[in-house]
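Chain nomenclature is as follows: A, B, C, D and E, assigned in order of appearance, with residue numbering initiated at 1 for each chain independently.
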Amino acid sequence: ACGSKSSSTSSSKQTANLTQNAELPTMDISKSTDVVSSNMLNNTNEGLYRIGKNGSITPGIAKATKVSNGGKTYTFTLRKNAKWSNGDKVTAHDFVYGWQRTVNPKTASQYAYLYSGIKNADQIVNGKKAVSTLGIKAEGDYKLVVTLDKPISYFKKLMGFVNFFPQNEKVVKKYGSKYGTTSSAMVYNGPYKMTGWTGTNLSWTLKKNNDYWDKKSVKMSSLKFQVVKDASTGLNLYNSNKVDDTILSSTQVKNYKTNKDYKVYKTASTFYIEMNRNDSNKTLAKAFKNKKIRQALSLAINRKEYVSSTLGDGSTVAKGYVSEDLAKNSKTGKDFTSDASVPSAVEYNQAKAKKLFKEGLKEIGETKLNIKLLSDDTDAGKKATEYIQGSWEKLPGLTVTNQNVPFKTRLSRSESGNFDTVISAWNADFTDPISFLSLFTSSNSYNNGKYSSSEYDSLINKANGSDANNTTARWNDMVKAEKQLMNDQGVIPIYQQATSHLTRTSLKGIIYNTAGSQYNYKYMSVK
Amino acid sequence: MVENPNNIEINPGDFAPLDKQAGPDKEKIAAPSLTFGQDVWRRLKANKTAFVSFIVLLLLFLMAFGGQALYHHDPNAQAPKYANLPPKIPGVNIHGLNGHITQSGQDVDAYKQAGASSSVHYVLGTDYLGRDLLARIMYGTRISLEIALIATLIDLTIGVGLGILSGWKGGRVDIFIQRIIEILSSIPSLVVMVLMATAFTKTGMASIIAALALINWTTMARLTRAQTLQLKNQDFILAARTLGESAPKIAWKHLLPNLSSVIIIQTMFTIPNAIFFEAFLSYIGIGISSPQASLGTLISDGQKNFQFLPYQMWYPAAVLIILMLAFNLLGDGLRDAFDPKSKR
Amino acid sequence: MPDERKKILEVHHLKQYFNVGKKDEVRAVDDVSFDIYEGETFGLVGESGSGKTTCGRAIIRLYDPTDGEIIFNGKDISKLKGKKEMHEFRREMQMIFQDPYASLNPRMKVKDIVAEGIDIHGLAKDDADRTKQVEDLLETVGLNKDHSSRYPHEFSGGQRQRIGIARALAVEPKFIIADEPISALDVSIQAQVVNLMKELQVKQNLTYLFIAHDLSMVKYISDRIGVMHYGKILEIGPADEVYGHPLHDYTKSLISAVPVPDPEFERNRKQVAYDETAEMDGKKRRMVEIAPGHFVRAAEDEVAMYTQRAVDAGLITE
Amino acid sequence: MENPENVIEVRNLEINFHTYAGEVKAIRDVSFDLRKGETLAIVGESGSGKSVTTRSLMGLLAPNAEIKKGSIMFHGDDIIKKSEKEMQHIRGKDIAMIFQDPMTSLDPTMRIGMQIAEPLMKHKGLKKKEAIAQALEMLKLVGITNPEGRINDYPYQFSGGMRQRIVIAIALVCYPEVLIADEPTTALDVTIQAQILDLMKDLQNRIDTSIIFITHDLGVVAGMADRVAVMYAGKIVEYGTVDEIFFNPQHPYTWGLLNSMPTLDTEGGSLSAIPGTPPDLLDPPVGDAFAARSDYAMKIDTQQEPPFFKVSDTHYAATWLLHPDAPKVTPPAEIVRRQQKFAAMQKPEAPIKSDTKE
Amino acid sequence: MATATFFLMKLMPGTPLQNEAKLTASEKASILAQYGLDKPVWLQYITYIVGIFHGSLGLSFQFSDQAVSYLIGSRMGPSMQLGAQALVVGVIFGIILGAIGAIKKDTWADRLATILSILGIAVPSFVLAILFQYYVGLKLGWFPVAGWSGFAYTVLPTLALAASPLAETARFIRTDMVDVLSSDYIELAKAKGLSKFGIVYHHALRNSLIPMVTLIGPLAAALMTGSMVVENIFSVPGIGEQFVKSILVNDYPTIMGVTIFYSALLCVLLLLTDIVYGIIDPRIRLSGNGD
C-alpha cells in the first residue's frame, strides 16, 4: 500500500534507508568493539588504508608505504589533501595521538590487544611503560614511522581496522568524556559524516562528507539508519518500503530464499564444540582424550540438516575450524578452507559414529557416558544445544544434559574449565587465518578444551616468527596447522555463521568483508 | 374485599380451637438446608459464563496433566527433517489444516516438500526442530500451570499469613508489614521479576516461581489485611474472644473460613497473572530454558515466524488466551457467587 | 436497702479513650462509675455514640481500659494477669451482641457455634456429651435439635439471637452483658428474646448489664437504669424512679421523646428540649446520691436543685 | 375512582419474586386507599411486604419482581401500565419517597443544594440558579440552621438527623401529592426521631400531601397516623383509623403486636411475645398465615383464608374470629384494657360492639 | 529499594566488557578499574548511593561513556508520550466499556463488554503488538509499521499498549458501578424521577470515577511492563525497549538506573494520585482523613 511513497528507490535521490539490529553504543574510535560502531566508524572515518573488495587493501590516508628492517619498520607517507570535517588537516600527529590514546590504559580500550606486536604496546597496555614509548613517530606532518617488535604479516590489513584510525586531539580534548557519545561530539575524516545521533537514540544519518579527500567517489548523499531489533518488524518495514535492507530470521529466509533481493553475508565466525580434556569428571576427561570418541561425536552431527532445517538463516556447514572467505591463497586464489580441507572432520556418518563411539568406549573401559553440553541462552545457543543433544543421544550409551546460561556465564565457565562440552564461537578480528589458529596453541588462555599438540604449536610459532615475511611458507604452515587440528578432531566445527539480508537490488556498490570493518559504503550508489 | 362473606362455606367444627401440637410448626424453616459451599456452587452453576469457564479450565487441566496418556508423543522428540511443518489432520482439506502452507506467495504441500510419507501428520504441526507442536503445547501448558500454581500457592501462604498477622495485630507489626508491601509495590512488578530472574544465574522454573511469589503476595496480603480488619471487629469474632478463644485458633476457625472467598477469588486472578508474567519473561528471553517449554516460550518462538507459520503462534497463544479468559471469567463468576449482596 | 445485696461488679472511674495522644482522640467512656448487684438487671441507655458499647466491651475486657477499676467478684479484672486468670474470667462473664447477623460466624454450623465455649473450656466429657449439651441449650432458648446442623443464614433474626444466647449460656456464666440484644429485631420477636432473658435470669441466677436505647424496653427489663451521654453517666437509679421521675434534664428529654403506642397519649405528648451545652460549662461534676440509690451527676451548686426536684417528685421527704 | 377523596387506590395487588428457590409470594392480594391529606401508616413485621407494596407505587420494583395481578390507580390511571418514561414524570413530582437510612441515601459526591435542586430542574424545568434558590427555601423549611452557609456542603458534613432533613427536603421540593416514607426514622435516635416526626407533621400541614408511612414501631404509628394498615405475610390483615387499631384491634396479630410492646404502664411480667417466626413466603401456609403463631387459631384457619370482616365503616379485619359462628374469645388483658378505653372514648355516640358484623 | 537492586545486581554475571572473549586478565583488570569495579562491594555501594543523591546513576556498560541518567533522560520522551496516550485512550474507552457493562448488567452487552475487557488482559501485549503491526500496519497500511517520527508512528504502539489499561479500567468501573448502582442514593435518584442517563451521568459515574483515580498507579506500572515489548516491536526509542536490551547484555548500571527511575516515577504517580484523590473526593477533602 505504501509503494508509491517509497522514498529511497528513486535513483535521482541517492539516499537509502538501512537497518542495524543493535544500538550504536559509541563513536569513540578507541572504544568501539561492536559491529555497529565499527561499521559507522569505517564509513565516517578513514585510516591509513581502507579495506576493499575481498579484503583487498585500497588507498586511505597513506599515499605511499615503505617496509624495512625485515618487516619491522613501516614508513607511511600521508596525503596532504586529507581533512577533518571541522576543516583541520589530517596529519601524522593525529595517528600518533590516536594510537597512543588507544593503548593508554586510562582509556581502557578493549581492542588495545590488537596493538600487540607494535613496539612496547603490550607493556604500555599493562601499565609498565609510558604511552610515549609506543613504536609510532610522526616525522613532520605527513610522515609516519611505525616500529614493530616482530614482523606482522597482516599489518597492512590491520591499518584498515577502525581502532587504528587517526584521532583529532583537539576535538578529543574539547569534548572530554563526551567525545564520541553523540554525532556532534565527534569529528570525521571519512566518506560520510554522521548526524542525528543523540548517543542513545535508534536512528541517525550518514551524510556525504564534503571535506573527504576522495569525495568524488562518494555517490550517496545520505544513508539513513534505523535500529530494528525484531526481525519481523524489519521485514514488515522492508515490505512497506520503509527500509531498503533488513536482516532475515531463519523462517523468513525460507520464504525469501528465491527472492531477487535475497543476499547472504558470511561472517568470519565459526561455531564449534570444545571438549574438556581437563574435565573434573575423570571419566569424561579420559573420554575426551580419546580420538575415536571425539570423532564419533563429530560424525554424529548432521550439520547440513541443522544448518538448513533448524538454523536456516543462511549459515553454512563449517568447512573446518577456520572460516571460509576469510583468506585466499595469494598464488592460486584458492580459499584457505579448500587448501586445508579435512572432510572427515566435518562429515556426517551415523553408522561410523556409532562404531567409533563403541570402540572408543571400549578403549577407555566404559559403557556409558553422561555429558553436559554448555551454551549460552541466546536463540542460536538454545537451538544448537537442543539439536546436538538430539543427535548425540542417538549414540548408544550417551546421555546429554543441556545447560543454557547467560553469555557471560558461559564465558567464565569455559575459561575456568567448568564444563564437559561447550559450544563456542570465534570471530576473526582481521582477515587472516592466524586470527583463528593462534587460539589452540597449548598455552593460549582461550584454549578452553586444553587441546595440546606440540606439532601444532610449532607450526603456529613458525607462522608468527620465522616465516612471517614469507607469504607462501607462512600459508603452508597455517594450512598444516589447520589440518593437524582437524585430523586430531581437536574441536568439532559445526557451522559458519552468516546473516541473510533482503537488500534492494537497486543498491549497488556495497563492499562486504567477513571480518574486520565489514561494511564499506564508500562506493555505494542507487540505480 | 369481602364485606359479607356469606358465600364462604363453613363446615361444622371449623371453629374448634386448633390443636397446637398438630398445627403448623412455628419455627419451621422452609428453604432446603444448603451449606455455604453448596450455595456458592448453585450460584456458580446459574452463572453460565463462569460455569463454562470452569468446565473449560477443567478440560485444560486434564489436557495439561493427563493429555500425555492419550496423546503419546514426546514433546522433546526431534525430527529436524520435519521442522516447521504446518498442521495436518488426515481427511481434512481446509487450508491451514491440510499440511499446505503459503510459501513465497505460493501454496505448497509442506509435507511433500519435506519428503514426508503420507502417514506422517502432525495435528498442530511442528516447530523448528520438528517437534510435535500439540505435544509441546500440552507440555507447555503443564509447565505454565505448574509455575502458576506453585507460585500462587507460595504467595497464598505468605500473603494470607502476613495479611492476617498485619490486620490482626495492628500497631507496629502492621506498620512494618505495610512498609514492606509499600516498598515492594512501588517497584514495577515486572522489574522485580526481571531482576530476580537475572540475578539467578540459571533461569528456570525455580527462579521464575521465586520471582513470581515475591511479587504477587503483596496483593493477597493487602486484601486479606483489609478483610481481616473488617472481620476483626465483627461480633462473632468478639464473641469468640469473650469465650476465651486464642488468637491462632480464631484465625484458623473464624478468620480463614470467612476469608476464603476473598482468597479463592484472588487466586483466580493470581494464577492467570502468573501465567502471563511467565509468558512475558519468556518473551523477553529470560524465561524457562529449553528443552522445557512453557506457553510463553512457545508463543515467543512462534511469534518470530508469525508471518509464515502463523499456526506456531496462534495455537499456543489461543491456549494462553483461553486460560486467561477462563480464569478471569471464573474469578468474576465466583466473586458474584460469593457476594452476599447477590443472594438469591 | 441495696447495700445488703452482694455487689457482683463495681466500676470505678472507668475511662476508655481511643487513639490516645492523636489528633482524633475519642473519649468514648470518660470517668464512669456504677455498681451492679448480683441477680439484678442493670440497664444502660443513651443515644447513639454515647459510649454504651464501649463501656460494655471494656468491662468484658475486649478493650484495655485507659484508666479506672473494674472489680468483678472481688477481683480487679482490669489488672488480670496471665492466661489462666483470664480464662477463668471468660467463663464467668459473657456477652450477647446486637446484630444477630454479624454475631454468628456464617461459615459454622449452629452446633459448632453453640459448642464453641464448651470446646474452649473443655466442658464436655465426650462427643455425645457435647451434642447433648448443645441440644439442651438449643431447647433452653426455644429451638429444636434439628436446627443444630444448619447454618446461621437460614434462621430469622430472632432465632439467631437465641442462638447467640445459647452460645453465651454454654459456659454457664454468672454475668451477661447484653449489648442492644433486641434493637435489630422485630417488635414481636423482641418480646420473645426479652422474655427468654428474664426467664433465664431467674433459672440460672444471672446478672445482666442490659444496653439499649429503647427506653421503654429497658425500663421494663431493668431493676436499675444508668443514663449515658457523651461518655458519662448522668443519672443512675431504680428503673421506675428514673423513668417516672427523672431528675436530670437529659433524662427528662430522652424520656419525653419516646413514642408510646397510644394515639391519645401521643396526641398530647410534649417533647422536652435539652440544652447539652449545660454539661460543658467546665464545672467539676460527680455522682451525687440525691435520693436513696438515685444518683445524679452534678456540680456542687446543682445538688440543691436536684434535691428540690426529688422532693417535688416525692422521692424523698425534706 | 370509587372515591374522589382517594389519591391512590390499590386493588388486589399480587407481586411475586422469581428466585432460585422458587416464587416468593411477597404481596398476596393487597388492597388499600390513600386519601387526600391523610397519613396512612403501614405496620408489620420485617418481610411482611411493606416496602414492596410501596415500591410498586413508585414503579421501582427489583428486576426479578413480577406483578401478577391487581391495579394501582393514581388519579384514575393505572401506574402498573405506565412506561418507564411516564413513571419518571410521576416520580419525585407527584409521588416522592424517603428511604430508611439517611447516612447512605445522599450522593456523597454531590453538594446537597444540587441534590435538592435536581428534581426541580427535572420536573419544573427550572434553571440551575432558580432551582438552587428554591432548594435554599426548602432547606429553611426543613429546619437546617444557616442554610445559606450549608447549601454547598457535602453530605458527610451533616449529622444523621440533618441528613434525614435533607432527604425530606429532596422529597418535598416539588410539593408531591403523595409522600412515601419507608421507615424514615428507624436509624435515628429517639430524640432526633421525635424532631423528624414533628417536622413531617408540620410540613404535611403546610403543603398538604398524603403520606404513606412505613414503620414497625407502633409508638411512631400512634403519633403519626390517621389510618393504619397492619400487614402480615404479604397481606393486609387489619386496617382502620388509628384509634380503632390501637384501642379496638380485632386481629390476633394486632393483639400480639400491641401486647408485646411495653408501655409506660406495663408492669413487669406482663409482656407477652408472639411465639415463633413469620412464615416463609416461598411457601405461604394455607388459610390464615398467622394461625401457626396464634393462640386463638381455629381449625378453619388452617383451611380457609379469612375474608375481611367489617368492624366499622372504616375498620376491617381479616380473621375468622369475627365470623358470627366463631366462638367468643377473650383477648389478652392488655387488649381488653385498651378496648375498655375505646369504649369510654366512644361513649358520646352509640357504642359499637367490636365483635358484631353487619 | 536502590539497595535491593544494587545487591541483586551484584549477583549477576555482568561486566562492562563487550569483548570479554578476547581480553587477557590484566587487560580486563584495568578496564574494570575504569568502572570502579575493582573496589570492594561495600565501597561500590556507598559510591553508588552517594551518586544517586547527586543525580548520578553511573555509566552505562553498553554505551561507553554514556551516563545512565542521560540515557534515561533521552529515552524518556517517547515512553512518556506513549504511556500517556495509552493511558488516556485506555481509561476513556475502559470507562465507556465498564459503564456499559454495569448499566446493562447481565445482558448480552454486558457480556460482550466483559469479554472484550478480559481479552485486553488475556492477550499478551506482545501478541497484540505483532498482530497490529502485521495486519493494521502492513496489510492495511493505515499506520507506519515501526519507527518513531511523528504522531502517526505512535498510533499502533499506543493501541497495543492501551489494551491492558482499557481492560483494567473497564473491569474496575464495572464492579464499582454495579455497587454504586445498587446503593441507596441511586435509589433516591430514581425516586426523584431522573432518567437512566441522568442517574448514570450525574450520580453513578462520578462516584465510580473518583476511586478510579487510585487505579492510575497500578495502571502506569502495568504500562511500564507493556512498554518493554511494545517499544521493542515497534522500534520506539523508549526506556522499556532499552531496559530489555540492558538485561540481555547485562548492562547493570542501566538496569539499576532504569529500575530506580521506574520506582521513582511510580512513587511520584502514587503520591500524585493520592493528592488528586484527596482533592476530588469531597469526603476526604475537608476532613483531612477519610474514614
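Quick note on the criterion: a contact is a pair of C-beta atoms (placed from the backbone, for glycine too) under 8 Å apart; a residue touches a chain by one contact, two chains touch by 3 or more.
These figures come from a predicted structure and were not determined experimentally.
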Starting at chain A, fewest touch steps before arriving at chain C: 2
Shared interface partners, meaning chains that touch chain A and chain D: B, E
Co-neighbours of chain D and chain B - touch as defined: C, E
Distance from chain E to chain C - Cα centre to Cα centre, in angstrom: 55
Length of the line joining the C-alpha centres of chain A and chain B, rounded to whole Å: 49
Of all residues in chain B, the ones touching two or more other chains: 27, 29, 31, 198, 201, 285, 303, 306-307
Chain A: positions in contact with at least two other chains: 232, 406, 409
Multi-partner residues of chain D (at least 2 other chains): 275, 277
Listing of all chain pairs that touch each other, if any do: A-B, A-E, B-C, B-D, B-E, C-D, D-E
In the complex with chain A, residue positions of chain B that touch it: 78, 80-81, 83-84, 103-104, 128-130, 198, 201-203, 285, 289-291, 303-309
Contacting residues of chain E [partner chain D, same complex]: 183-185, 187-196, 198, 202-203, 206-207, 210, 281-283, 286-287
Chain E residues touching chain B - in the complex, by the definition given at the top: 1, 5, 8-9, 11-13, 111, 114-115, 118-119, 121-124, 126-127, 130, 134, 175, 182, 221, 224-225, 228-229, 232, 243-244, 247-248, 250, 255, 258-259, 262-263, 266-267, 270
Of chain A, residues touching chain B in the complex: 231-232, 235, 249-252, 254-259, 302, 305-306, 309-310, 312, 377-378, 382-383, 385-387, 389-390, 402-406, 409
Touching residues on chain B, where the partner in the complex is chain E: 49, 183, 186-191, 194-196, 198-201, 272, 276, 279-280, 283-286, 299-300, 303, 306-307, 313, 317, 320-321, 323-325, 328-329, 332, 335, 341
